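Note sheet for the following structure.
Letters A, B, C and D mark the chains as written, and numbering starts fresh at 1 in each.
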Amino acid sequence: MELILAKYNYWIYVFLMMIGFYAMIVKNNLVKKIIGMSIFQTAIILFYVSIGAKKGATIPIIEHHAHSGAIDPAHYINPLPHVLMLTAIVVSVSTLGVALALILKIYHQYGTVEEDEILEQIQ
Amino acid sequence: MIWQFDLIILALVVISAIAAITIKDLLSAGVILGAYSFLMCLLWTEMGAVDVAFTEASVGAGVSTVFMIAAVYKTTRRTKD
Amino acid sequence: MISAAQIPIFIVIVPFLAAFLISIAGLFKEKYCQPLSVLAMSVSLYAAVATLIHVINHGVIHYHLGGWPPPIGIEYVIDHLNAMVLVIVSFVGFIVSIYSKKSVEQELPDKIPQFYTLYNLLVTGLLGITITGDAFNLYVLLEITALTTYALIAVGRGRAALSGFNYLIMGTIGASFYLLGVGHLYIMTGSLNMADLHQLLPSLYGSGAIFIAFLLILIGVWLKMAFFPMHGWLPNAYTYAPSSTSCLVAPLMTKVSVYVMIRIMFSVFSPKFTFQEFSFHEIVVWLAVVAIVGGSLFALTQKDFKKMLTYLIIAEVGYMVGGVWLANHNGIMGAVLHILNDSMMTLCMFLVVGIIVYKTKGHHFDNLGSLYKKMPFTMAAFTIGALSMIGVPPTAGFFSKWYLILGAIDANQWEFLVALIFSSLVNVVLFFRIIEFAYYPSFSNQHGDAHGSEKIDEAPASMLVPLLIVAAGLLVIGVFTGKIVTYIIQYTIPNGL
Amino acid sequence: MKAIGLITVFSLGMALFYATIDFPPWADPQSPASLHVSPHYIQETMKETDVSNVVTSVLADYRGFDTMFETSVIFTAGIAVILILRKYSKKEDEKFLPEVSEEAEPDIIIQTVTRIIVPFIQLFALYVIAHGHHSPGGGFQGGVILGASFILLAISFNLKAMLRRISERKDILLGGIGLLIYSGIGALCVLLGANFLNYKVLHLIIPEASQVEARSYGILGVEIGVAIAVMAIMIAIYANLSSDGKYDKGL
């Protein structure tokens, strides 16, 4: 029980990642692969944000009355994973944009976004 | 942090992820992906990652969904899986 | 005003700034794009060579971005290994930026500014991956190189868009695995700086999470370099890409990934962890053997010159990965030397393909007919490259293969030795077959107007001169291998091996 | 194929699950990640950069180099989409046309509401950019919201209406300028004799600013650069995706 309470957040990320990864490698439709990719990347972001979480702490914005005097790090959530994940979100939207552009190009070339139908046309 | 709230959002996140990859209509899948992103954003706000949540709300739930729908409009909604 | 300590930053920043200037310049005058690109690459090459000389004379350079000391900020760490890779990357970038002018004008006439913008960003990304000392910074740069490569490949002809898409899926999986591995390291140690991780990790060896982290990062990097079970995306992607793209991507992408693998194995983790705690190195060598043999056999079955070369790239990746995982001095020296030699050989080969495509509009074996008569200089360079790929002594390819063979003997991994010799024999068959095709007129126009087409019809100077420089470079590297090993390569062997 | 895929997925899941056993408990204040590097950021941000939002100060200053490349990832994506999709000549027709092509009637309610709401969205975006030092937000979020306001215009009127306000050339120019602002501030620091992106030397050229305030101004400068670039690229990607790179009427 202790273990479940301490770790269930991590397990959810593992499960979401499996869903996304499954869609990326098994699905036949190219748009579905992209959706899987988004889920996969979001799951990784969830993992990082979970690293930063801290019990009994508040959001990482220093309060005004705390300017003078020492600041207790245990009082604020770890900001570093948040910074890293801003980058990851931006990367995921960029990848999504390029992937959709490729899908448009593939559709104009073959008239379908199903991978097996495209491969049939090539042969 | 309220654990009941946490559990409900986690369950909804998993449900919307599964729905997004199983539904047989790409337009709906895109919209559900937007909902998934927005639920994620709630989850992160709840974990105290306000900046990440803000970015996800504007980028993941907003602009990405628009891109996805624009692309589906320009191709096809049909899918076999 | 700018002190010598600032030189390392120019290697990365000059192509980076040039990318935006090119995109703006492209709105007004398209003809400035290519010269700007050449200019940026030459500055970058100059800075890289200056850095290499500094490293040889004075040892490792640390450069703190933003003035913050690590692990708080991001730092650049330049030692012998990455100083050498920096020179290789900027040299290839410089050569291809000159070479690409005619080829881009022919293949992408209305997208020249966009091509050169992405070209500069791609070189920036590769240089940044090489120079950085921060595990997360490496991920961001990995994504820049990945996104530029997808786009540059997908604008090719035929199946290019689909191959680009497959590459996108595989590349994203690879990068995500890398990010996930770094996340595991971060949750266990709290640091992202490579040197800091190297200090913190030994107390955690034996933990399952660290083991999984290592595995995830390795698989991510292997996906990026198309190591054996994960090589499926590479041949089509490189074959259908525009020639200038493949000239830049084929020599660099896999080699930089091999560099990243070496960096992760020895600078983030340690040789002790990699070869004793992990204890999979014999399996990895076997995978490399399969990669070499399989790549060579698939190359034999191809009827397309460019596609044949892409399968040889897979075999060459097997050389380098196998060499590193042999876990002894000669193996690692051979692998590092092969990063240098193979990038030059692959560059030479793809430059030749680019010229053939420019002149004959195709890269099938049928397009090779009587090329020795039509383009004597190109084919002379091709012959040097082919001899080097086979591993004939005065050329560069021989020496790295020699070290790899010594390493295989030291490690008692005879299967790797057999694979190396087998692959050399296959290369002999492959390249002599091509020389034969190129010596005689092709079958299709043997009876027709064969006589009219046998005049000398050489490629333009902007394509030929870079090719001849590279071919000469292969010989020069071969002659000066001893010097390169004493001044650079022997310092790249990790402590504690 | 499906079986291999499932096996891969499950082995990945098992490996990751195995790794979680060694993790510190969720939200543990004593985990290594909370003790090693991050306390420095929390304790020193006010003293060293005068920015109370720690995420902003780490994003734009301590790890500002990451952020510069992150912005260029977006720029790369924008140029990549243009390279892949943009068609400059009218002659190349597609073999396959989109399946949904019926044209919707312009709706007066939507258009009026859009007219009213767009200025407020843009005002809010500017607030998000400028107030990133003290509250959640910053260049990225603000830039995306600015871009979204233009995309809203394009959706509720048509692409032409948006292009009248911000043309293709202007858009690409803005994208380049945004990133040049960022990397230019970094290069300026080198010219003033410090390391790249070390904003504290900017006090030499900003009147009446201490070194700490110079860092704060430097952060504001790069956030503005990021916002301009992100806005321009979001518009460019949308315009290309929604019109197949033809820049005609759009969706």
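FYI, contacts are C-beta pairs under 8 Å (C-beta built on N, C-alpha and C of every residue); 3 or more make two chains touch, one makes a residue touch a chain.
Just so it is clear, the model here is predicted, and its values are computed rather than measured.
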Seminar exercise, completed: Intersection of contact sets, chain B vs chain C, gives A, D
For this session: If you tally contacting C-beta pairs, which comes out ahead, B-D or C-D? Let me know.
Result: C-D
For this session: Take the average of all CA coordinates in chain C, do the same for chain D, and state the distance between these two points in whole angstrom.
Result: 30
For this session: Determine the centre-to-centre distance between chain B and chain D, using the mean Cα coordinates as centres, and give it in whole Å.
Result: 19
For this session: Just give me the whole-number Å value for how far the CA centre of chain A lies from that of chain D.
Result: 16
For this session: Round to the nearest whole Å and give the separation of the Cα centres of chain A and chain C.
Result: 29
Seminar exercise, completed: Two or more other chains are touched by the chain D residues 16, 20-21, 23, 27, 31, 33-34, 37-38, 41, 53, 55, 63, 66, 70, 73, 76-77, 80-81, 84, 136, 140, 237, 241, 244
Seminar exercise, completed: Check: chain B positions touching at least 2 other chains come out as 1, 50-51, 55, 59, 63, 67, 70-71, 74-76
Exercise. Where does chain C touch two or more other chains at once, residue-wise?
Worked result: 136, 140, 143, 147, 150-151, 154, 161, 180, 186-187, 192
Exercise. Between which chains does touch occur?
Worked result: A-B, A-C, A-D, B-D, C-D
Seminar exercise, completed: Within the complex, chain D is touched by chain A residues 6-11, 14-15, 17-18, 21-22, 25-26, 50-57, 59-64, 67, 70-71, 73-74, 76, 78-84, 86-87, 90-91, 93-95, 97-98, 100-102, 104-105, 107-111
For this session: Write out the stretch or stretches of chain C touching chain A in their complex.
Result: 136, 140, 143, 147, 150-151, 154, 159, 161-162, 164-165, 168-169, 172-173, 176, 179-180, 183, 186-187, 192
Exercise. What residues on chain D touch chain A, complex-wise?
Worked result: 1-2, 5-6, 8-10, 12-13, 16-17, 20-21, 23, 25-29, 31, 33-34, 37-39, 41-43, 45-46, 52-55, 58-59, 63, 66-67, 70-71, 73-74, 76-78, 80-81, 84-85, 94-96, 134-136, 140, 237, 240-241, 244-245
For this session: Over in the complex, which chain A residues touch chain C? Could you list them?
Result: 21, 24-25, 30, 33, 37, 40-41, 44, 47-48, 51, 80-81, 84, 87-88, 91, 94-95, 98-99, 102-103, 105-106, 109, 118, 122
Exercise. Can you list the chain B residues touching chain D in their complex?
Worked result: 1, 50-51, 53-55, 58-59, 62-63, 66-67, 70-71, 73-78
